[in-house]
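By written order: A, B, C, D and E. Residues from 1 in each chain.
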Amino acid sequence: MELHGSLNMIGYGLASIGSAIGVGLIFAAYINGVARQPEAQRILQPIALLGFALAEALAILGLVFAFVVGV
Amino acid sequence: MELHGSLNMIGYGLASIGSAIGVGLIFAAYINGVARQPEAQRILQPIALLGFALAEALAILGLVFAFVVGV
Amino acid sequence: MELHGSLNMIGYGLASIGSAIGVGLIFAAYINGVARQPEAQRILQPIALLGFALAEALAILGLVFAFVVGV
Amino acid sequence: MELHGSLNMIGYGLASIGSAIGVGLIFAAYINGVARQPEAQRILQPIALLGFALAEALAILGLVFAFVVGV
Amino acid sequence: MELHGSLNMIGYGLASIGSAIGVGLIFAAYINGVARQPEAQRILQPIALLGFALAEALAILGLVFAFVVGV
């Protein structure tokens, strides 16, 4: 049987599905907000970056977690 | 057979799909609300952070749970 | 049993689901914003490209990760 | 047991789910934008094609990746 | 165990999930656009068919790919 590879890679793949969709939703809302009120970009940028960091953190945690849990 | 890794990592991956999409939805709604009424940011911020904490808690619980359940 | 291949390929496949949907959401919002206000393209382009890079990064990380974790 | 085939094909299948949905979102926004302002087609076309290329790239990467990772 | 068949068929099945959703999104936007402005059908038809071809290509690639990767 030639099956090889690591189950951790599947775990990381699953973890990054949600993060990437979440980042897409946040930036889509950011773009829509700036398109409606270009002068609001100053207020919206830190909110978008905060949301991005919090959503992306779960995938990065999964990346670190994949190296920690027994390989 | 060269298959290695931990099933716990897959469990964490599944747990974080929903959390990350939820965080994305919450911050997208927060950005849209602030873009429409910039003066409402003071009211919306604690609501968004509360929703973020409740959605993210499930993935963090999964992270802790993966270390507790027999590795 | 003739089953062969690498589990890492499945992990990459999963990782790219979310990234591609996220990129789609970001560009859909970008197109909608430009269609509503063509003069806003100058402001929206860097935001769309920033969001694209941050969402795509998770799939590229998965691509690199697949070569690092034991093949 | 007569099960045969390659796991890489499953990985490619997963990778193309997100890309096809992303392409669908981008062209849906493109069609909506042109339906609202037919004269904006000249500006929207390169944006739609750029987004299409960036979203589709992940599936094509998966196609190439499937031949590289040990078959 | 009488289980037989090819994993490649599962991969093609996964690949066609996204394509079908993407094509559905594109034609839904096409129908919405024509419903709003019936005179715009002449402009929207080639866009819808282009988007349809690009989204469907990923599933057709999967069909071809399933015959190439070791059966």
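Rule of thumb we're sticking to: contacts are C-beta pairs under 8 Å (C-beta built on N, C-alpha and C of every residue); 3 or more make two chains touch, one makes a residue touch a chain.
Note that the structure is a prediction, hence the values are computed from the model and not measured.
Participant: Given that chain A is a copy of chain C, what angle of rotation, in degrees and a multiple of 5, matches their CA positions?
Facilitator: 35
Participant: If I average the Cα coordinates per chain and compare with the overall Cα mean, which chain comes out closest?
Facilitator: Closest to the centre of all protein C-alpha atoms: chain C.
Participant: Just how far, in Å, is the C-alpha centre of chain B from the one of chain A?
Facilitator: 10
Participant: Using mean CA coordinates as chain centres, what's the chain A-chain D distance in Å?
Facilitator: Their C-alpha centroids are separated by 19 Å.
Participant: So, what's the distance in Å between the C-alpha centres of chain D and chain B?
Facilitator: 26
Participant: Residues touching two or more other chains, restricted to chain B: which are they?
Facilitator: Answer for chain B, listing residues that touch two or more other chains: 2-5, 13.
Participant: Residues of chain C touching chain A in their complex?
Facilitator: Counting only chain C, the residues touching chain A are 1, 3-15, 17-19, 21-26, 28-30, 32-34, 36-37, 40, 43-44, 47-48, 50-51, 54-55, 58-59, 61-62, 65-66, 69-71.
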